[in-house]
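Next come the structures, one after another.
The two complexes that follow have chain A in common; it is paired with chain B in the first and with chain C in the second.
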Partner chain A sequence: MYLKKALNMLRSVIKTYLLTRAPGVWMLRVGVGIVLLFVFMAILAPWISPYDPTKRVADPFLSPSWEYPMGTNRIGQDVFSRIIWGSRIVLYVVFFATALSMAIGIPLGLISGYYGGKLDRVLSMVMDSMYAFPALILAIAIAAVLGPSPSNTAIAIAFVYVPTYFRMIRGQTLSIKSSLYVDAARALGAPDNTIMGRYILPNLAHTVLVVFTLSVTDAILTEAGLSYLGLSVTVPTPDWGYDLRAGQPFLLDGKWWLVFFPGLMVMLLAMGFALIGEALSERISLAQTR
Partner chain B sequence: MARGLGYYILVRALMIIPTILILYTIVFILLRLLPGNPILAVVGTRHIPPEQLEHLMKIAGLDKPPYIQYFDYLWKVFHGDFGVTLAIPMGKPVKDYIFTRFPATLELTIFSFIVSVGLGLLTGTLAAIKRGTVIDTGMRLYSIIAYTLFIPWFGLMLQYFFGLVLGVLPTSGRLDPGIEVQSITGLYVLDSILTGNIRALTSALAHLVLPSITLGIVLSGAYTRLVRNNLVDILGMDFIRSYHARGISRGKIVWYALKNAFIPVITLMGLQFAILLGGAILTETTFSWPGMGTFIVDRIDYRDYNSIQGAIIFFAFFVSIISLIVDIIYALLDPRVKY
Partner chain C sequence: MVLLEISNIKIYYYTLTGIVKAVDNVSLTINENEWISVVGESGCGKSTLAYGVIRLVPPPGKIISGKIVFQGKDLLSMDREEFRKMLGKDIGMVFQDPMTSLDPLRKVGEQLAEVFMIHLKMDQKEALRYAGDLLEKVGLTKDRVNYYPHQLSGGQRQRVSIAIAMALRPKLLIADEPTTALDVIVQDTIMDLIESFKKEGTSILFITHDLALAAERSDRIAVMYAGKLVELGNIDQIVDNPKHPYTIGLLQSVPDLWGPRKIESISGYPPDLRTPPSGCRFHPRCKEKFEPCSKEEPPLIEIEPGHYVSCWLYVKGGA
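So, the complex of A and B:
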């Protein structure tokens, strides 16, 4: 019953978003394709990865071949297998981080924008200060304090992206708050919670979706950056940013595959989300101008 | 409300104080949340005589209760003192590091900034003129790809190609070994021009090429989109049509339109600056560039929290100053800004 409902919903989403002739739909299709590819890669890692990513399987520094499609690293681990398993870490960190910053940023923005007053002024000031500061540098400081682990990286990233959600939700709440239907609901005696939850929040869904895809793009690059600086995972966990850093000293000896493949994956995944965000924001701005 | 530009600048400058206070408070609390004694973490052993530990705590200013530490440090920062390093070499003023490291970061940032704005204007204008063509779509893709490039990866690929395969450009540091510049401003390009040192100038410029292209391209994507969209809007306006009617050349018209499209670009410059500094940390690490970024990363390895705190407050100050300057330029350029 529920499954059928969910499938129907999924079908209508696919129909309205992917199977249209709207301009820019190709970006959405390519983006969704890339993201799904990585999601499946992460889920199916134990079955599709040819070797154990943490074990020495061959001589070190073998260049790419049929047997080892992306070569082997300094320890003789298979780079391809590490890439596949590495997708798990990055997706875990990124989704945990984004969910956390949404869980904090959206309610705070809603309350701040709805009630206004002193609380709003203080919150806005704190959030603006954080927003103006380089996110990566703040994330580095937090990650350094928390110590290297994927969950801590996620917390550090979540922390720096709270202002993004806060500012956007607060701004939208401010403009929706004064619309006629909110006044009507208030006149009928609806409590504040109902107005915020039922009348304002659902109207923010589209904007949240766009900001979500864009902040995921940023979060992917931040995660890779933090693990490149050694602040995310520890040996022998496979992680793209970390593996790239580990391969860096050997790059100018001609061992390009140690750097090329992990970094390419970071870019592809980030691009997948960027394309989705780009297409969605275009669709929304088109809908608004019409 | 019209109280003049001077008043606007004053109010805007005063706004820097709460911004820095908030960031300082966040960082201060964060660093104190850390379990254990930071001195012991640095020394790496629990077996040091209590008197010596006490002495070290005193040097680091950790012998007082946190709220006193908070105000003590604030007072020091107010006087331009950023505390002392907690790790090897212990007790060295953080300010000294900032003085030697910051010019390197500034130099990298300035050149990257020029590259990113230049490329952004070029690609954005091209996309707007060729609107709806393959070139327009191509520039759109360029902006997305540029934005999603992972800085260390892109930088290392450039190193591989230009440093190893072609062997034409240096891949790390600020100068060739054996070349020295008399330090005046710490900006090697400027210093070598001031001292008339041509060898140092070419070396410094050669070392800047790859890092600033890396960071510049990554940040250019945002400008591409903005310039394109603004220019498309402005090119469709009535005054542009009247230019056409008067027979003014197309190149000149685009130039006039660009001037009008520039105001939002300035806003973006202010916003992008924070991202530029964040990107500089990764670029510096990729190119072994001895700036603030590599300083922070080095100090994290030592768990030297005083240095990290000092560097972050310094960055906060710097970012605030830049956004102040951007706002002032904006107010001067756009007569609609109320102040």
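So, the complex of A and C:
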């Protein structure tokens, strides 16, 4: 029964968001297409990657050919296979990170905005000071303390994005809190947790969606940056950011494929999410001004 | 039997530009099974008074002093949790704007069911069954439980709001201009609906700016001006024998379909409640003003049984 409900919801989401003639819908379609491509790539990695990404399969520095579509790297690993497997790491880190920052940022923002007062002031101050810190530097510091591993990278990134969720949710909660239907809910005797959970939270879904897509874009770049700096995965795990760095010294020798393909993937995935975020925020602000 | 007793209540808004004395020393009692209407212009504090009774005065408003006793219990000194349990169960509230008083994201049935789930600890399935019955009670069909608020018209939504407010048969229904946003035909059917609940024993505190509407069905009318109660009496006393110049002015501003009387308006504007006029707050606009009016505030006196007025014209011996 729940499955049926979820499927119905999915269908209505697709219908209202993808199959319309609303302006800017192409952005959403392209964005969703790109993201889905990478998701399938990650899921199907064992079946679609032609070689083992961690093994030496050919001579080093072979340029792209039919046999090795994206060439081979310094150790003779197939770049294409590494790209496919690398999508797993990126998506894992990014989704784990955003889920974690949502799990912390949303409830805190909701409580802070709803109750207000001293708690709100203290929380806002803490979050603002976190926000004021340069994201990448903070992530580097955390990753350095926790040690390099994809999960720790995710925690570092999550830490950086908690204030973003907190601020947006708090602001929206403040505005929804003063709406008449929340007053009406109070007047019928609804306790605070009911008001927050059933009246305010569902109305925050739009905001969460937009912040999600926008922060995912940033998170992808941060993840790539961290692994570029060697703070994410350990050799020989395939990872785009790490491969970028590994290929960089050979760029001047004309081995462009070592850098070009991982970089292109990071850019494409980030662009996919950015398009979704842009389209959604446009749609939602349209809906609100109407 | 007195159901609700409001005594000397003061509700002020602490704004950046000054203290707005929205409700200043107002006393009012509501008896069981009585329809009492509070009438006044926009900004006279009538809605604030209603919000005060359910302790929902929006910030920066605060209840400064006074007492509100409901069925022998002091509402203002009551513990927050205890008071919450009374709201919706003993006191129901209907708001002015039916377009925004329902949660846009949830089906009306779910919102109705919420009352049962909160106060009677029902599970959602059982509560939804009651919700359907309730909709029939307010003149909508059962299948409307599956509608979202945007699928209903303004009148239908106000019916839903009333159904929510009346779900547990509270003793008191506070209606804050429930018909202002609706056209006159729908207005009339909503008034009928509210009256049907009164016939079943509920007391109504009806807030409106429309004296004609109030005169149709109320038992008693309270007239407010600039945060003060200026006149209080039963329907006949207020309509046929108004005493306060403001009430007289209000009645003259209603067109008389059958008589020769012309419509007359009250000149001027209601005062800024941050700096209310001295003495009687109505004196700058009053045609009958004389010496004591600007100096001292007139007391609320009973000039005939149950008819109270706050005006120097009726104070024997003057100030």
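In this section, the second predicted complex is superposed on the first by the 285 of 290 C-alpha atoms of A that agree within 3 Å, B and C clash if a C-alpha of one lies under 4 Å from a C-alpha of the other, contacts with A are read in each partner's own complex, and residues count from 1 in each chain.
The rule we apply is simple: a residue touches a chain if its C-beta (ideal position, glycine included) is under 8 Å from a C-beta of that chain, and two chains touch if they have at least 3 such contacts.
Since the model is a prediction, treat every value here as computed from it, not as a measurement.
Between chain B and chain C, B contacts the larger number of chain A residues.
By the touch criterion stated above, A:137 is placed in contact with chain B alone, chain C being left untouched.
In the superposed model, A:199 makes contact with chain C only, not with chain B.
When the two complexes are overlaid on their common chain A, residue A:58 makes contact with neither chain B nor chain C. Within the superposed three-chain model, A:178 lies in touch with chain C and out of touch with chain B [touch as defined at top]. When the shared chain is aligned, chain B comes close enough to touch A:270, but chain C does not.
Contacts of A:37 after superposition: neither chain B nor chain C is touched.
In the superposition on chain A, contact of A:188 is made with chain C only, not with chain B. By the touch criterion given at the top, residues 18-19, 22-23, 26-27, 30-31, 33-34, 144-145, 147-154, 156-157, 159-160, 163-164, 171, 274-275, 277-279, 281-282, 285-286, 296-297, 300-301, 303, 305, 308, 312, 315-316, 319-320, 323 of chain B touch chain A in their complex.
Per the touch definition, chain A reaches chain C in the complex via residues 178-181, 183-191, 194, 198-199, 202-203.
Residue ranges on chain A touching chain B, taken from their complex, read 125-126, 128-130, 132-138, 140-142, 144-145, 217, 221, 224-225, 228-231, 241, 244-245, 248, 251-252, 254, 256, 259-260, 262-264, 266-267, 270-271, 274-275, 278.
Residues 54, 56, 58, 81, 84-89, 92-93, 95, 97, 100-106, 114-115, 118-119, 161, 164-165, 167 of chain C are the ones that touch chain A when the two sit in their complex.
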